[in-house]
Amino acid sequence: MKKFGNFNIAALVIGFSFLYIPIILLILFSFNESRLVTVWGGFSTKWYGELMHNQGIKDAAWVTIKVAFISSTVATLLGTIAGIVMTRFGNFRGRTLFSGMIYAPMVMPEVIIGLSTLLMFVSLAIDRGVLTVTLAHITFSMCYVAVIIQSRMSSYDDSITEAALDLGCTPFRTFMLITFPIILPAIVSGWLLAFTLSLDDLVIASFTSGPGSTTLPIKIYSMVRLGVTPEINAVSTILVGLVTVGVVTASLIGKRQKQQLAQS
Amino acid sequence: MTETTTTEPWLDSNQKPYIQIVNATKKFGNFTAIDNLSLDIYKNEFFSLLGPSGCGKTTLLRMLAGFERFTEGRVLVDGEDISEIPPHLRPINMMFQSYALFPHLTVEKNIAFGLQQDKLPDNIINQRVEEMLELVELTDFAKRKPRQLSGGQSQRVALARSLAKQPKLLLLDEPLGALDKRLREQTQFELMDIQEKLEVTFVIVTHDQEEAMTVSSRIGVMDSGKLIQVATPTQIYEAPINREVADFIGDVNIFKGIYKGQDEKGTQLLSEDSKSIIYATQKVDVPVGNRIWFALRPEKLEISKKLPEVDCNILKGKIEDIGYGGSFSTYHVKLENGRQLTAIRANRERTAEHHLTWGDEVYLHWVPHSAVVLLS
Amino acid sequence: MNIKEIQVPSFLRRAFNGRNAIISIPYLWLLFLFLFPFIIVLKISLAQPVIAMPPYTDLLKWGESWWPTIQASLDSYLFLFSDSLYIHAYLSSLKIAIISTILTLIIGYSIAYSVARAPTRWRGILLMLVILPFWTSFLIRVYAWIGILKTEGLLNLALTTIGIIDKPLIIMNTDLAVYIGIVYSYLPFMILPLYANLEKMDMSLLEAAADLGCRPLKTFWTVTIPLSLPGILAGCFLVFIPVMGEFVIPDLLGGSQTLMIGKVLWGEFFYNRDWPVASAVAIILLAILVVPIMFYQKSQEKAIS
């Protein structure tokens, strides 16, 4: 009854402008010849060239990718188990606490998570470094994975697993042959989300990292505090570009899968 | 199926039951889903569990399949206790209400799935899959994915998949529930043919009494986790043991009243509706003065404008409502005391010679033989 | 399939243990790396700061006796309540979180509603455009605003060029900049649950309301809004709770007078190195947030099952 009217168009145009203009400007000024952010000095890719010579940024990028890769992989494993436990294991002792520990990290202020995780490492005399950042990242990103898996698991009929058992398949083989292929797209998007969460995190990494484990966000943050520079714009543009390509590809794959299934 | 089962094994004390459910109880917390239920099912039976939703019929089926554990009691198949055997090791297969086809596997891979679990050689698997596809007439659809199938085709794949392993017992949970009426009626006969051809024992759960009547050798009517009556479809329909069964299976008119004894016309009931004595041939063994009931199927009530030339079982009323059903019409007749009865009459004449219409004064009548006496 | 070969009790025992073993993997991980750290924080908040590494006293002191003496001190908490800075920071965080949640809800609802009402073939791409910023770095998105909001930044440049203003606006390093940053950064968190809810809404309900003589705006208030309440709640929790402890936005966009508790905690920990006070700040923030977090958990569990 309510048609797509002028109000809706205005809301979308203004809303998306608000969401995208800052990012577009950021990308635009990464190609600015001039060092001044407000003066357009002509097109140039020289800031990208300078990045290549910035050893600090290159080191931080390497640490970040390592941490993101390992933490997202472990988080996907743990989160998948947690998501299955939440949907298919019925009631068990301490279920409420378990689900609390899954949902709380997603809204909990990062300063609290960062501080508490760090204090635990200190009290156990574990040195801060790549390991501690990775452990902290696994812990909060596994919760996101668990929720993605949980919603996929609860959207398909459990009698499919029962049917496999009924046809003589052992519980483990049932998981490998039936459950895993069905939830695979959710596992992949869970991994992607965990990867970008780790890639983006500043606060928790600041608490839990030590010398030698400076991640890219920490590096960018320390540069930002000194002011806006085209170099930061260039790093940011690369990150935004990577994430965009990843997300768009993932969603295209998902869309094609859906279409293949829908076509008769 | 009653006709094709030449012998009725449940009447023969020498026959050994194939499936024995012994004192089965299932509790979910404080809720008792199955209450100390015992049941024997014989080889090659087509047994229906019939009841309203929530009566425990699906729980009982899932206990047989092994998805629910027995709180108490056990189940024997061919004399072996299988109560503690996990589902994937039971010689029983199940056809799920939702069909539960594996969405990522083709039709033939779905059917082959159970055989592959037994690690059979490929040529045997392929041969069996082909047979099954032929049986359900889906050979051309072997390479399709479940999403590319219609409801009826999915149903047949599910059936083929559950039969591929030649189970000792096939459980079917509302197998036709998702199909439209026409397809359902057609598929009922297909199911019966397949069951006969493969000689597999079927236990089917349904809430559709017509379906149960059509396909079953015997029906178990369930309510609140208990079996109320186990009998052939004819017996269940013609001789229900109480008002609940009578009411659940088809339409029924119930007459409430006081038992007044027997005479040459049969059992006398002082009806609360007509305040007169009405008769049923069936004899009862209760003290005079007890409360009893007569159950009368609508098609056994004759309806006419003329006073019937009989000496008993005549009630007078007025037509309130007519439901035209094509081959028959349903009449709602209001008695003088306000009670409404249902009568069904076949529409034999096309013309309106015997035409009955709204507001007509009519007589309802039945022969004493068609009424069933119920004690509860 | 020989039934006799199966040893029943052993299978059951294995299944039972296998099940618990699977549950215990993520369970123990979260217990150890998520819950246990809070106990440590609580412990340290009761300790006294010392100049050492780690810079706090031990809660348990092992003396001559067999039993340790407990040296709990509430000094950190007393300190928080004696210095008005902390109370102001909590209240100011609360104020900023509430106002920005409301702002985000209004803007987010308009966008989510419009996306949900857009023609079906557009919806996919529009939703994608909402999700994309959600995946891109928080830090980068906040940073992008610095160049715009600065006194000599792009916004002032644009406005003076057009001639709307002749003196540059001072937005950077004020609360206004913080609000802009929060609304911008958290908008996708608001839109996604709202959209999920609005998209599922049965349009025939709105038609029924119109059919019964309800005017469009009234239908919106009496049908659409109440039905989308679960989405509104989820979105508000997703914004309000993390904003209460937000650090990056007030630090980069806010000024020295912008007080937020996340920034205070960061300062206590990294600059003052007073770990017991930082822990006490965290514990009290947690105490404030525990009820909303539990509500959020309940609502999410209901939404999924």
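Of note:
Note that the chains are named A, B and C in the order they appear, and that numbering of residues resets to 1 at the start of each chain.
In this section, a contact is a pair of C-beta atoms (placed from the backbone, for glycine too) under 8 Å apart; a residue touches a chain by one contact, two chains touch by 3 or more.
This structure is a prediction, so every number in the text was calculated from the model and none was measured.
Summarising the inter-chain contacts, the pair of chains with the most C-beta pairs in contact is A-C. Comparing the centres of all chains, each the average of its CA atoms, the largest separation from chain A belongs to B.
Chain A and chain C have centres, each the mean of its CA atoms, that are 16 Å apart.
Chain B and chain C have CA centres that are 56 Å apart. Contact with two or more other chains is made by residues 1, 15 of chain C.
In chain A, the positions touching at least two other chains are 168, 171. Looking at chain B, residues 86, 89, 118 sit in touch with two or more other chains. Put simply, chain B touches chain A in their complex at residues 65-67, 86-90, 92-94, 96-98, 100-104, 113-114, 117-118, 145, 147-148, 161-162, 165. Chain C makes touch with chain A in their complex at residues 1, 15, 18-20, 22-23, 25-27, 29-31, 33-38, 40-41, 43-44, 54, 107, 110-111, 113-115, 117-119, 124, 126, 128-133, 135-141, 143-148, 150, 152-154, 157, 184, 187-188, 203, 206-207, 210, 216, 219-220, 237-238, 241-242, 244-248, 252, 262, 265-266, 269-270, 275, 278-279, 282, 285-286, 289, 292-294, 296-297, 300-301, 304-305. Within the complex formed with chain B, the residues of chain A that make contact are 156-157, 159-160, 162-171, 173-174, 177-178, 181-182, 261-264.
Listing the residues of chain A that touch chain C in their complex gives 1-4, 7-9, 11-12, 15-16, 18-20, 22-23, 25-26, 29, 37-38, 78-79, 81-82, 84-85, 89, 92, 94, 97-113, 115-117, 119-120, 122-123, 135-136, 138-139, 142, 146-147, 150-151, 154, 168, 171, 193, 196, 199-200, 202-203, 206-207, 217, 220-221, 224-225, 228, 232, 236, 239-240, 243-244, 246-248, 251, 255.
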